[in-house]
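Right after this note come the structures.
Below, chain A partners chain B and then partners chain C, in two separate complexes.
== the complex of A and B ==
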């Protein structure tokens, strides 16, 4: 009768069908499907779950009852004024930083793009330096220079600070520091916009006789609005999330991020911390969403287009010179700030005795060698992980269509955007004990994937699944009777036997894989026979820096051979499925069900995913923090590659993996390298997300700086900071060198992709 | 559609088969004898590093330590209750150990070294959960250059002096939530003046503070460098800055009496290297262990017999009869009150 009513459900059904088809299209390519699944699992486990855990924790007191205690404090007549003041201060800081940073970013961008400034290249590099330095470097050097006993404030200007005289500590100093720390982001965004602005509009306006200021006000500025708004919001979010600077320089002013830190570090009040985290999360999320789905969408086209021919240059001196002068002054300021850090690390007692000494560096190596090495090791290790994840996500987002694509994209960015403290709290809450829900999700997803992809009929699936579960139960029974270590051995032996069986049934390739897997699993326990004598040898080395550097080696070795059981389980399963899909034999089927059993029992063995205290949790936290950079650089570069190149390869008969390896990968290589630079930098310098994850065996250098600032003094912190900056610069130059060697043709890397 | 339905069937079967797996999740790990020890240390870095090296050389056991302020340490131990990363907690005022014992975070240990203690009643827990490893008194550190630049000012010699207008925004002290030093100061004031008067005083005192640091010893350093005029710090930390770092500081004590700390040590429940923790415990209560302090620039007074005092004058002042049990039991409540009502409240009035 009414055709409309009939059509509606039909359409939704067809949409559902379309969605299903999209998925089956992805699932036709098993490697791609696996990539998608693993990415989604990672995002759920290390971004969504911890954030939710923190958020929910804010509503429950330590007895587990629902309570709004800490939210009520904002309206409470007793606590209210203070709580609201802190919230207000936080927003004030964010707004002022966003305003100042965007203004400064604009001045830099305008000077570089339009003012023919001498030394363009160096200004560009200087503007980027704050992005590669540890989070509190600027706060530290500001105190060195402008503190109550600073080189400039006291030494040069002879200022004394008594009574209520305003000094660097407090809101004004904090905003100053935040602006210098974060303005680079705004500079990069606005520079890209200015360069890609179509000059014809402004030329048209000029030819019609409009004045300079009039053109700027009515033509240039409106065109830049999306970029300005975008950078404003980004800076707002970043400054709200920052912990390092407020801890050092905020004086008597408290901002939310510092209050959250104190609630955990001092009061051990996870509910309070979580509740405040929710309060901090709300403005962050709102702004992040607005930025992502409103502002960036408007600016999209003008940013990605190729530079248009010819740029407008300012010729009038009265416009050009003020911009250039301001830029130079800020450049000198940045340079001075960084020189102060380096100088600070070599001076005997800052403010009193400026004579040269190596004392601080010596002390730093005496106490900090372990944390320096641990941080570098884990940062390097997390880099390929983060970049690989980022590239897979970018590839899926740009090239494939599937329901929930937006969510994947959004979540991958969320991990880097939320204040690190929130993630850190979430990690502690989620992974101190075994996160049962996550383990079950992992189990279901992996097993269903294995059964669904590899076997054709349901009868077979049920049969294989049942067989697998029986094996798993037997194995876990053995495990409960004995040591956890044993189960890995047993599974290693099983895998060896399977490999032999495969070879007998003439499937040599799969057989070899299983044998390698079996050998690898048996090293889980065997590696102790290497590591133990090694650590005994190391313990005989006389005390000192060298020994401290060596003590960690056994743990580094263990990290590779003693992966958490659930991860081993997944590896086993993936290997089994991929081998089976290559060549479907009857033995293969039996082996598949055995492997399903083995991997299930591994997923559940011991305390699965109780990761706190292990290095893996730090790796995960690093990867989460740097994921946005690699995803964005991947997306930016993939969007510039015409899909027809890949299609051509497919038409000529190449399969998806071959195409990816031979066509796509070389084309996105620069993006991968840019992603690596940014990831490594982000890892080395991240503080807030890692602070609560430091363990006796895995120490992190940024946390050491925080502690040494007060223990060893400002010069010690300066020495650490200098070292981190040095490491990051070395890593960047190595990567640049590699790029230039590898891909000579494609010119430089557009570092802006990662920002 | 059929496929989805079938997958549900599959899911159901899997769930039914899963139940035995849940039981398997409880299995813990059994560790063999280890060659390492994870120490949560609260004293100054240099001493920690020194003790680590001495212990390593003596026993061959690898020591991993992380230094945290005592409030931070307590928070960390609470957070890791189900999955402890540390074996022993060494240093920091005993109040925190009282709190930790109450919450069942410590492991009792009847050490053979208890016989070395100077005063068994004072320096060890009646139930053997913790023991004292050093003693130190609270003092004021004043920057001499600041005094010279501000004629008419004098280094504070009483708690009331801290409220003088010239010290507004010039006092540096740690936050009592993270720092044991600062908590000792807070509890001292409350004990001298009684709770009602004490809190009134603390409110005014918080208004004088320039910035709350995280670690208790930090103010001595910052005051020495001229970032503020007066710091409230344990006197041995002040002596360390004066003697070893040549900072221009003057050490004074409040005349109405000052609080003192007994630095504690306790083995953590559930640690993975219990045997090694006991070795450390015995050693730290021996004369050899405690005489190492001054070698690594730690001037706290020892708690065992047979060790020479490096700075006897630090305890030769008007010490109050500090009630550690009371201070420990009320720690959470007092710190909460201070954090929520006092610390930033002065800021509001501006």
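== the complex of A and C ==
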């Protein structure tokens, strides 16, 4: 028999060549390549770049000189004690929350999986409710119930708080609130592990005469260690990243996330905020990495497999009942907390007069309609964006091999894991002025892609590129002389002419596309002629809720027709390349060079990517925060689909797009819907990342709650929170309704995918 | 030749701690139009990778694939005009039987009437008439298999690829589908490549068998030739069973040789002159031995006899060598005591050997 060693030596293939081959495989399909490029660009622009920007900014003072001032404060005799105390408190909070949350999560998981308990379904739902409510809901209701004027503390127990008596504010209250807010994560992880734990292992131990506690200590617990460690670390990270709860309930204790917020909101000191962000980022990143690459790989239990059929049921009462009772108590607590929020929004003066009133809701709609509508509008808009990105990334990660795949996967998760404040600061720092580096990256990547895939020889590429650049320079010269709007019109006209040229050269489809593009570009300016009269009409409406609801409509319309120039530039280029690839004609080549010119000039027109103050930056922040949810649900569902189903479609002659449309898309539809609902929820409830991006024109409800609350209106805050919870519940009911209908046709859906 | 693989290599880069794998190592293969060729080998021998290279799901690290005088090495899968039956069937779960079978025709933008005609024809060919509107999860394994086959056949592909299509069926159904696939393939004259690890499937189905091991082709030939004249121990062992017996050449001309082995001597037919005194390895198929009381040419000591119902299996020691064979003739099926010395007949005229 021959072994590998006797065979003639392999044709040696260098690592680099293999990598290049993988990319050439992806680039064989232009749409897939485009998807990869756009995802990578998005990740670089809105995750990596802002985080780096924040980190670097911590080392430079406002004059741009290198300075370690804020890092030195940790060892400074004057600032030192306080700085170190804050850091210490932050870690204490994280550790306590992680410990408590994991313990509670384990109790819930054990009760659900191992103990026969009535109302499993409701316990499950109650355990998940905190993940989908606004970030400070629990803090708010804890204050309503246990605060100085709390219903339970003052109303029922007649406690009074004076002097040094321990109240809900402070470390203990904060940890309590965070445990309730975050234990769901731990519950989901441990529940999945317990369900997949092979009962025969425990039975084997039992058959050898081991006692209950002995088995738990020597068999069950060691098998669960990866899950427990994973949940501990995740909870630690989430607790550190949390801003909403500490802002309200930490009392005299300060934690880093709140300190960062105050550095900006109070002192307007971006260097301090950035420096502190670095301090917060380091433990977060380290633990996130450890969790992802160490703990999750040490698992003895395959999490992808199906739940094992035979589950052990806890029979002994002295184990079973304590679990059940704790679970029930916490469930009742959660329920009470949420009822308190709702009731708080209807009571005249919480703590003094509990009588029913609509006053707060009226006030909320009078003052907050705009922010409610803005938030909903932007959340809905960001949803397809986030889900589309998430699905493309999931598809690439599950189905394709390429160098850097791990990094793409990791980065997409990073955006949701880093403290939102860091991201928010990064966005402000990166996009207040035009981020030159990003604009150039965008320009180079897009132009190289266009030239690379559409033209064959380097000579042609250089020719088309040079022609494009000359056009771009002329256009930008015109722009400098006049206004940006003019070149948008000019490019619109050029595109119309190109469309006509394409139609004359018998390429109808591309022609029509360019004509539509031309018309769309002309609306960039023309839309004002519709919007202006509209705003004037709205301003004549007598003031009230209805007027408030209408005032933003002009801005909503503008959002669709006045996209940032660089994005318009990319759209033009993509359309041109795709049309050209369909039919390679001589006219096509000329049009391609013209379009390269147009798109280049648009990418550089005005102040490219200076997005702060525009709604687009909020959309991007939303998408970044919800990306992990949609990536995970996409990955989970794609992994369940046999790759040969897609291959079957390919070998029957369907190209990648046809396959995706007709096969993959219908099969991952449940995951897409789940991803959409979870993204929407995440958008509606996100606070820390968008707090600094809010502008007078674009207000966000969570930020409004913050300011309303600061002005003393706890009931107003409760009204806002109730409304958000209501919106989210409606979204989730739609999810259940729609997916239940789908499940009937085939396959299952896991509601926990997005959590 | 219709389909040619020329010095094809496929090296998978190291990933996730595993080292580099050469799945296909210098494979050259020529397939005639209308033939059914099986790629046979143990798991991990590179047969499926070879199939996937032909299908375009993988791109060779080096080498060429040529179909009908056209280099298709880097042609995307969907432009190759092939079709494939997958091990898992890969039926689209969201489409019914008719929609599954017509999928490829829809891609090709065939007119509605033609689709109906062609699908109906192929549905009756595989015996699924009446099941057109069923959802895949309402079908049995065998029916799903037929859908997968029909879906591939309806396209009238240049090459039909089959990746262990029967491995998920039970034994009875497997036999039935085996003959059916062969019948349909011969009726339509489709060039087919069939991957299997089941030697019986390979024997019964193929025009040519390609035996692969560790990414290398061990032997190519019609089933009979592969069985009768294996060119390596691996092939002899993988297809059927074999006893390997070292023998010393006593005398040889160009067609016949006398060899000494198992404590006695034989004359065997050879292809070329063997050197006197050299050693060769005889391949003794179990069916080349039978019990022949009083007229045998070999004596052996029984070590074990095992009654199997339709046969008796014996372990016999002859000339310090253990031989395993089975006797199927009812008259001669007899249980011997361990240690009994019996006479055997070795059909030496059809004995094959290896030069090692």
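By definition in this document, the second predicted complex is superposed on the first by the 732 of 755 C-alpha atoms of A that agree within 3 Å, B and C clash if a C-alpha of one lies under 4 Å from a C-alpha of the other, contacts with A are read in each partner's own complex, and residues count from 1 in each chain.
As a convention for this text, a residue touches a chain if its C-beta (ideal position, glycine included) is under 8 Å from a C-beta of that chain, and two chains touch if they have at least 3 such contacts.
Keep in mind it's a predicted model, so treat the numbers as computed, not measured.
**Student:** Counting only touches as set out at the top, which of chain B and chain C does A:657 meet: first, second, both, neither?
**Tutor:** A:657 contacts neither chain B nor chain C.
**Student:** With the two structures laid over each other on chain A, which partner does A:25 touch: chain B (first), chain C (second), both, or neither?
**Tutor:** Touch partner of A:25: chain C, not chain B.
**Student:** Contacts for A:350 in the overlay, against chain B (first) and chain C (second): which applies, first, second, both or neither?
**Tutor:** The answer is first: A:350 touches chain B but not chain C.
**Student:** Looking at the overlay, does A:251 come into contact with chain B only (first), chain C only (second), both, or neither?
**Tutor:** first
**Student:** Once chain A of both complexes is superposed, is A:648 in touch with chain B (first), chain C (second), both, or neither?
**Tutor:** So A:648 only meets chain C here.
**Student:** Check the residue A:667 against both partner chains and state whether it touches chain B (first), chain C (second), both, or neither.
**Tutor:** second
**Student:** Can you tell me whether chain B or chain C touches more residues on chain A?
**Tutor:** It is B that touches the greater number of chain A residues.
**Student:** Name, in rising order, each residue of chain B that touches chain A in their complex.
**Tutor:** Checking each residue of chain B against chain A gives 6-7, 9-11, 13-14, 17-18, 20-21, 23-30, 35-36, 38-40, 44-46, 49, 53, 56-57, 60-62, 64-69, 71-72, 74-75, 78-80, 82-83, 85-86, 149-150, 165-166, 168-170, 175-178, 209-211, 213-215, 217-218, 221-222, 224-229, 245-248, 335-336, 339-340, 344-348.
**Student:** Hey, which residues of chain A end up touching chain C in the complex?
**Tutor:** Within the complex, chain A contacts chain C at residues 1-4, 7-8, 10-11, 13, 15, 18-19, 21, 25, 28-29, 401, 642, 644-645, 647-656, 658, 662-663, 666-667, 745-747.
**Student:** Which of the residues in chain C end up touching chain A in this complex?
**Tutor:** Spelled out, the residues of chain C in touch with chain A are 9, 11, 13, 15, 22, 25-26, 55-57, 59, 61-62, 74, 76-84, 86-88, 90-94, 103-104, 107-108, 135, 137, 151, 155, 161, 213-214, 216, 232-234.
**Student:** In their shared complex, at which residues does chain A touch chain B?
**Tutor:** Residues of chain A touching chain B: 79, 81-82, 85-86, 143, 147-149, 154, 160, 162-164, 169, 247, 250-254, 262-270, 349-353, 363, 366-367, 370, 428, 432-434, 436, 439, 443-444, 447-448, 451-452, 458, 461-462, 465-466, 469-470, 472-473, 476-477, 479-480, 483-484, 532, 535-536, 538-540, 542-544, 547, 551, 600-601, 604-608, 610, 612-613, 692, 694-697, 699, 706-714.
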